[in-house]
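Heads up, there are several structures right after this.
What follows is chain A paired twice: with chain B in the first complex and chain C in the second.
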Partner chain A sequence: MKTIAVIFGGRSVEHDVSIITAHIPIIETLIASQKFDVWPVYIAKDGSWYSGKKMNELAFFKQPDFEEQLAREKKIQLSFDKGLSLVWPGLMSKSVHIDVVFPSMHGTFGEDGSLMGLLRMAGVPFVGCDMTASAVAMDKVLTKQVLAQEGIPVVPSAWFTKREWLDESAQVRGRISKLKLPLFVKPAHLGSSIGITKVKKQSELQNALEVAIHYDDKILVEEGVENLIEVTLPIMGDDIPRAALVERPLNRAELFDFNGKYMSGGKKGGGANSAYSVIPADIGEKLTRHVIEMGKKVYRILGCSGIARVDFLINSITKKVYVIEVNTMPGSLYHHNWKKDGVSNMELVLGLIKMAEDRFNAQKSTNYTFRSDILNKVGGPSTGADHGPVGPSTGPATTGGPKALL
Partner chain B sequence: MITRILSRYRPLYIRSLIYMLQVCEYSIRDYVAWYGRTTDFSNVERRKTLIKTSKVYVLYVCAYAIVIALVAIAYYAMAFAEFTPRIVVLVCTALLAPYILAYVILIPLVLVRALQIPVEYVLIGQARKKLARHKGLKIAIAGSFGKTSMREILKTVLSEGARVASPPFSYNTPLGIARFIGELRGDEEVLIFELGEYYPGDIAKLCKLIDPHIGIITGINEAHLEKFGTLEKTASTIFELAEYLKYKPVYINGENEVARKNAKATLRNHILYSQEGVGDCRTENLKSDLRGTSFGLVLDGVKSRVKSKLLGLHTIGPLAVSAHIAYRLGFNRKQIEAGIGKTKAFSHRLEPHEDKSGVITLDDSYNGNPDGVHAIIDFLESLEGHRRWYVTPGLVEIGSRTAEVHKEIGRRIAAARLEKVVLIKNSVTPYIEQGLRETNYAGEILRFDDALQAYAALPHLTVKGDVVLLQNDWPDQYA
Partner chain C sequence: MHCIVDGLAVEYEDIGTGKTVVMLHGWKNNLHTFDAVTLQLSNSFRVIRIDLPGFGGSEPPPADWKLDDYVGFVKDFLAKLDIRPDILVGHSFGGRITIKGIATKVLTAKNIVLISSAGVARRKTFKNSILAVLAKIGRVVTAIPPASLWKQEIRRKLYEAIGSDYFRAGALSQTFLNIIKEDLGSFAKDISVPTLIIWGDEDDTTPIHEGKRLHQLIRGSKFQVIKGSGHFVHQEEPSKVAGIIREFVL
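Showing the complex of A and B:
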């Protein structure tokens, strides 16, 4: 039986949503498959790592005294010796070797490529988009720049950093003034619509910018789309992406905000994103095809793998379609959508794990190092056998590196 | 092994015993049979939990009293006996304590039962007198299976033109029925009774209490065979209803082989019913899908199309019986059509439910008999364009026919080409697998250790359009 670590929680505003995604559907499905020894790995809001079988139950995190219980738990460490192991230190230390990792993180320090970088260093297969795609997709500004470069329609926008706002606010305002109202002010790196404000008149702009700056140091200001229809498209696969059904979220008055995304419906057991959308979206066959084609193109441009979700804005009169952002870890994997498209949670979760293993094996056959004598050519004392070692020794760079302890 | 032995020595053991008494509805026979079968008492309470009733509290008090008494005996031995007998008494008391407790706890139940007998006798006697004065038409339903469905169908259809009453839930014992009679107002026009059969003579006893005008025998099969021993004994017990009614009308399910064979063709009052109709009430162009069942109803030579929300062609026989009785009671055609139109699945009896992801679950967890199983497999076979899941732990109380009945279920599933079979593992599921193998089943078999695990996994296995049949529940006393 393979051991799998499902990593969730994290230092992110989407911490709680990540807990839901990890359990519904990932952990529940893995347990139901009877094929994996499932190790839940929970990263607390302070960045501490914990793991224990009781965390396989969503109910554990719903207990009112859950944080007190957590405080009594032993924090875990990671060992990168011959892959990834979870280590419970102490006199009765224990370690579990992990065969594959299922990251279930949303937002910063997880979905943004940092966890993927860590797992790459550990040399363990992991599910979902790799580091680069995750990092680009996490930055809404960068995503727009990459997509625009490739000819994908994006809405007119302006961006600036916190420093620019503080030092050159007049210039920033000048850039923003070229955009047509209404505007959407967004923190560049946050998901789940947190910190986003719709600006209908100039007087609201200041407040909106301050809200966004509170959350992020890079801000995106975008024009709104008239006659708006919003749709989203989950996609999975590696070289050949497979789209699920185009979905039209409902329950949004002004803005698709955090509450609209996760809190509406209030149905139990559906995971993040349930009971609030039309699937398939009622936008006609032609527009549906167009959205799917564009979605797959975006998926390839950003180098996504495993799973991602592309969000679109459509002007229902002109039928113009814009890509608004890409999410590399859709809430609850958008399993409700896949299910309607004939992909069960089991096929989805196990399929993603298979892709992760295939990608890992393919990467193993790529050469990342080569032998060179550059060190001998560089000036300074020689380290030849005649003189013995000089200075601090460094371990081998390729395998069996130093233990990274967290 | 050690866990099993130790499971008798944990405080939870007392709770397990009391829980099982409650689950067995305080039937000493069933409880003793369960105790004899069970070796591990660490996980008895699985499907339900102990409901804290006053009876349960009394049993707890008794149980602890017994434990204290045993400790007292041990103490007495320690204090006053010689060394060797002291050790013997101590070891014997310790070893035998759980066994003694398991049986001695029955004493208060036997005492209460002994006190209850005269009270019940009086209650039942009063009920019999009250019912004898009641002017309503009394219909009695007996059979190994399908009684509740028949009762509900009749109740729904006959309510279109008459005031109908029937005992709630599965009140089918003399005491349950007597309680119901006690609550009657007297102006009811039709009374419908289910007769529960557990042991020979039960039906005759109930007939004496009710004195029915019309009888219905829904069929005889291996359900409860463990209690009866042979199908012949089951048949003769159920046919006690026909014996009692003598020349009064008895509707007999012609689709059930044993019932058909036991019906006396020479008697005009033995009326066979089936999908084709009953007597002069005929059916044609039968259709059944996930939306319901429809058919042409021919009454007195006049045709009309009727629709019911019940699923499966096997429901047409009982619907025809209800139409036949309604017609004889003077209902007009419109009332009969409307009545049939109102019939729908009852809880846990082929009750359809579509979730928000478009998976259709058919809850048939109260269907635990071979005829019901065959009918539902036929229904699933008829469904087109759906991936079909058959989820079952098998059937209980089938006695000597266990192997054959379950192999036949496997063979039928394979023949119906159902795509997925989910087996909740226990002593009978290997027979289902054997039946599947014998018929070269081409679908997928999934196995789970218990029902809760399977039910938790199903939402992760299914997709939109799938039809999931949950067949039979496996109560804890059979675990």
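Showing the complex of A and C:
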């Protein structure tokens, strides 16, 4: 039986959503499969790591004092010796070797590539997008820049940093003033629509900027799209992406905010995003095909693997389609959508693990190291071992340095 | 929608036009407790509801707050949005904020409405003081082995027996203790703005005798009892509550 770690929680405003995704559907499916020894790994809001089988139950996190209970538990450490192991240090120390990791993190310090970087260093297969795709997709500004460069339509926008706003607000306002109202002011790195404000008149802009800056140090201001239809498309796979069904969320009044996304379901056990969507979206066959083609192209451009979700804005009159953002860890894996497309939770979760292992094995065949004698050519004392004597006659021993070697 | 007040991201709703009504919810609750009554009032009033720090979509206080901190926060929120309330409505804990804020003149409003307000339960204040002492003793005792081994169980049993929100307050537990220890009787006496008090006669959280005491303390206050309703009278009878408020202020 393989040992799997499901990592969730984290230092993110989407901490609680991450707990839901981890349990519905990931942990419940893994346990039902009876193919894995499942170790839940919970990262608290302060960044402490904990693990224990009782955390396999979502009910544990519904207790009002669960944080106090955890504070009395031994924090775990990670060992990267021959892969990844969870270590409970101390007199009665214990360690569990992990065969594969299922990251279930949303937002900062997790979905943004940080965790993927850690897992790459550990040398352990992990589910979902790799570090680069995760990092780019987490930054809405970078995503737009990369996609625009590849000819994908994106809405007109301006961006600036918190420092620019504080030091050069007039210049920043000048850039924003070139955009047409209504505007959407967004923290560049946050998901779940947190900190996003719709600005219908100029007098609302200041408050919207304050809110976005409260959450992030990089801000994106985008034009709204007229005659708007919003749709989203979950995609999975590696080299050959497979799209699920185009989904049209219906509970967008002014803005699809955190509550709209996660709180309005009310369907027990449904996980995030379980209600108030039309699947497949009622946008016609031609537009559906266009969205799917564009979604797969975006998936490939960003180098996504495992699973992701691409969000679109459509002008229902002109039929113009814009890509708005890419989410590399869709809430609850969008399992409700996959189910409608004929993919069961078991197929989804186990399929993603298989992809993770295949990617890991493929990466093994890539040579990441290179044998060179550069160290022996650089100036300074030499041991003289292995590569024979190194002295003034073999290189710029006293005055050169790396530059001279180039 | 959100705004930033005192460094905290705060969720609020602003709906309708007309005289301005500001609503403050109770402990462990949020602005949606007023959804039904807002629906009734927003056709003739501008209704602003706020999630108080630590509740709903608003960030928690950065430290253990006292009632005065919540009062100051509401003042800063109103200033930030340039709101001068015609009617300030407080339910339960929101009533505490209203009483203290209006009595100390930190908050201003032309009229106030107190729905099942907390803050004037003599017996409860005594009970709450005991609870505060027990909480302190409990913390010391359960830090020493072997009691420390059963700390959670002891605390859970103790607070369940007392029937307190303290245990459920989580990170806000010290804030909760700070707030419940204040008896607002003397402040209620200082209120001079027209006051409407609404109570359900089956309220078992803030029983009706507390409403009667409040009515006695606030000069010229109007006391409306809604029969068959409990602590969340505004949710149980939104039309009646909205009607009483409308009649009071128009």
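Note that the second predicted complex is superposed on the first by the 383 of 406 C-alpha atoms of A that agree within 3 Å, B and C clash if a C-alpha of one lies under 4 Å from a C-alpha of the other, contacts with A are read in each partner's own complex, and residues count from 1 in each chain.
Assume a contact is a pair of C-beta atoms (placed from the backbone, for glycine too) under 8 Å apart; a residue touches a chain by one contact, two chains touch by 3 or more.
Note that the coordinates shown come from a computational prediction; the quantities given were computed from them, not determined experimentally.
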Touching partner for A:Thr29 - first (chain B), second (chain C), both, neither: first
With the two structures laid over each other on chain A, which partner does A:Met346 touch: chain B (first), chain C (second), both, or neither? first
Where does A:Glu226 make contact in the superposed view: on chain B (first), on chain C (second), on both, or on neither? neither
When the two structures are overlaid on chain A, which partner does A:Asp358 contact: first (chain B), second (chain C), both, or neither? neither
Quick check for you: in the superposed arrangement, does A:Thr197 touch first (chain B), second (chain C), both or neither? second
Could you tell me if A:Glu67 is touching chain B, chain C, both of them or neither one (first, second, both, neither)? second
Chain A: partner with more touched residues, chain B or chain C: B
Which partner does A:Glu150 reach: the first (chain B), the second (chain C), both, or neither? neither
Should A:His336 be classified as contacting the first partner (chain B), the second (chain C), both, or neither? first
In the superposed view, which residues of chain A touch chain B and also chain C? none
Residues of chain A that touch chain C when the two form their complex: 64-65, 67-69, 195, 197, 207, 210-211, 214-215, 258-259
Could you please specify the touching residues of chain C with respect to chain A in the complex? 1-4, 9, 57, 152, 167-171
The chain B residues in contact with chain A across the complex are 356-359, 448, 453, 456-457, 459-465
Within their complex, state which residues of chain A touch chain B. 25, 28-29, 31-34, 267, 269-270, 274-275, 336, 339-346, 349
